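Shared between the two complexes below is chain A, which pairs with chain B and chain C, respectively.
Let's turn to the complex of A and B:
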């Protein structure tokens, strides 16, 4: 446990030292600023637009962190063969995988909490400017939605660790993770679309495609599960059951991937 | 020396860029003006292509639709059939992406029902609002209004107004209005009540102006109708011409039709204007 923690701390420090962080922070600040300007373009639902833009900005910045900083944190070790050095220490390969993941987790969480703090002040500012247009808005819902953006990033980090343990090329790991993300955010829509299409009379889609999508939906995470933007934007009631279910789904999915990653990583040969 | 050459090249390039910039933007302006209404993907695809950012995409598409309509009205160009189709489809897609988003519904009411005179299409979109924002009385109210005012479907109107009257925050008089609709659907006074509420609910300048104008016209019609009722009560018959009302002292002056038409007495006892309360085409 101590070794895992030590590795996690090192990974975290390496992460926050990355120069790309400034770029991401700058971009996020720009997006928050943009929000203040754009909000006035709308007639009534300024609160909704503000929440949409803020959560999207947080999500986008978080994705950049995972894809450009996070991927390097594990991939670089393997790419540059420094992994040999690390593994020569009294540290099992399984511990290495978990340590790296926890480090990325810290890094992503701390960065996202900072972004959320900035974002909250933006929302507060817009709320002060257009107080009448924030009916039904609650900061609790906004923070819940923000937390689930973070959970989404945790899951993505696990996917990234998994692919990094498979390939020795960090670019390849990045591409796989990115593809998983793209499929993950849209798979739910596709599955439901196919269902409605089949319910109708038009059967233009082959059965094999439908079963393929069905199989894919088991392997890849349904990232729409972590999307609470609509609820936060319109102040709709959230059931505790859905929150627990989404949280459990994310955690279990990440744990499975990490177990698989440590399993693959233990058996892997580096040359 | 080479430094100066480089600096000269750069300033030359900047100069060309500056000139080009203006030309390109101007050209884009003409391209956009002449461009047919953009194609909008059906919501099944848009929802997938949103990559999880449904809310953000709905905001963007809403702004795009707003800009499109604004651009047409700014260049004094009438909206073509295709343009309205685009607006209708876009608003449909936007409300599919985020069915709780209020603005597109309001735009549907203002544009599709009032400007385009396509109340069925407005109602189709508004019904989605009724389904999702089931606590919001404005949506059934708007459908009721459109059914009453544009479609003369008093039964549907009464149903929706009754539905609106049961929702929290709805004005008290909606209950009476709903009941009244069922009996006196065709009377101008019913329309007057309706319009007053519409005006209170609207903060869009263009729609407000239209509503106010319509209200003025209807107030005139109601005045004449009331005078007609008094005339009928006293004399047991309808006057031959509306001018008789003024001559006989039931009306001080004949109210003006803001649309510029002449008042006509219909055989049914209703008052109508030759303008049909339609604004002249120019400028709108």
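Let's turn to the complex of A and C:
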């Protein structure tokens, strides 16, 4: 555990000192500022738009962190052969995978918590300015939605680690992770669409394709389950069951991917 | 005791689709004894780095066995005894040397205080004290190489595996690393390294293996290399006629081509008779040399022979 922690710490430091982080932070701050400036244009929907914009900004900034900083934290090790130096120490390949993941997890979590703190201040400010339009709004819901954005990024980081364990090229790992994200956020809608009668009326879809999508949907990440933006924006009640299921799904999916990544990594060679 | 043993190892790489496989190492066998310095030399692409990576368990051999202290490489505990420096080490850009060494110590099971003391000692020894708190991305190539050596030595391993340890170092840095390796040798550490700087290999190694096209073509000890030059004087002359060469050989000398002329090896007891012959035949002596065959000469000779 000491070994995993030591690797996680240097991964975290390597990530948090990356200059790209400043760019992402500025972009997020710009979006929060923009929110304050334009909030007044939306009349009765100010509360909903504010929550929606803030959560979207957090999610977007988080995605940039995973895609541009996170990918390099493991990919560069393999690309630049730093891994040869790291694995020369009494550290198993499985420990390497878990250590890297934990480091990325710390990095993403700390960055997102900071963004969430800024975002909370933004929402608070807008709420003070337009108190009448925040009926039904609850900070608890807002933070829950923010936490599930973080959980989505944890799962995405596990996907990125998995692809980094398969390829020596960090660009390929980035492309695969990005594709998984795009598929992940839309797969639920695709499956739902194929299940409705509307699909058959609009276009002929072969049964084999429907079956294929159905099977594949079990393997692909369903990132839509982590989206609580609508509930937070409209102040809708959240069922504990859905929260537990989404949390459990995310954790189990990430753990399975990391176990697979460890398995693949143990068999890899580092020329 | 045998520290590292490589037995009939072969390794082929697949460079990618539609490309021919590359055989990097082919039936390689050698042993590194405890407390000795073993150097692996060879031209580019000879398979030196692949061999070292196989010994470190980073690459698996297709066939053959690699043993560390008589046991197969398995698990991670054997790495506690090994310090490894890869060729041109790439270190983490945003970390400081202090943090990197702390990581090296923690992963090797050292305590915080022990790490601090050892790191201070090594950093001072390799003249990195002024920069130890600076991010590694600001280090020069030579400084990174020395930082890599600190990383390898931090847990005080009994065996050192170094891939081109002198690469990228300026003369001062080279001397620093050379002295350090000599000190480690005196401490009884086992050192296995490969290098292109034959002068250093010649001075440091107890035994040398010459690798070419993935095969060990020659293995010799430092003493064998010294014996080639033992009890002889070496004189450089102009190009000699065949008759002159025969006469010199009859008088006990040896002749070989050397830099546009000939080099004559003269046993010390035959010096006067051969000197007299040079005078009588009007053969001018252009200069003297300290050795008949340097490691570099031997290296070039063997590699060229293999190419034919």
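In the analysis below, the second predicted complex is superposed on the first by the 264 of 271 C-alpha atoms of A that agree within 3 Å, B and C clash if a C-alpha of one lies under 4 Å from a C-alpha of the other, contacts with A are read in each partner's own complex, and residues count from 1 in each chain.
FYI, a contact is a pair of C-beta atoms (placed from the backbone, for glycine too) under 8 Å apart; a residue touches a chain by one contact, two chains touch by 3 or more.
Remember, it's a predicted structure, so these values are computed and weren't measured experimentally.
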Is A:89 touching anything from chain B or chain C once the two structures are fitted on A? First, second, both or neither. second
Once the shared chain is lined up, is A:80 touching chain B (first), chain C (second), both, or neither of them? second
A:49 in the overlay: touching chain B, chain C, both, or neither? Say first, second, both or neither. first
Classify the contacts of A:186 with the two partner chains as first (chain B alone), second (chain C alone), both, or neither. first
Could you tell me if A:233 is touching chain B, chain C, both of them or neither one (first, second, both, neither)? first
Thinking of the overlay built on chain A, is A:269 touched by chain B (first), by chain C (second), by both, or by neither? second
Identify the residues of chain A that lie in both the chain B contact region and the chain C contact region. none
Looking at the complex, which residues from chain A come into contact with chain C? 2-3, 5-7, 9-10, 13-14, 17-18, 80-82, 84-85, 87-92, 269-271
List the residues on chain C that touch chain A in their complex, please. 13, 50, 53, 56-60, 75-77, 79-80, 82-84, 86, 89-95, 99-100, 102-104, 106-109, 135, 148, 151-152
So in the complex, the part of chain A that touches chain B is made up of which residues? 38, 41-45, 48-49, 51-53, 55-56, 59, 182, 185-186, 189-190, 193, 223-224, 227, 229-230, 233-234, 236
Within their complex, state which residues of chain B touch chain A. 44, 47-56, 58-59, 62-63, 66, 98, 100-103, 106-107, 203-204
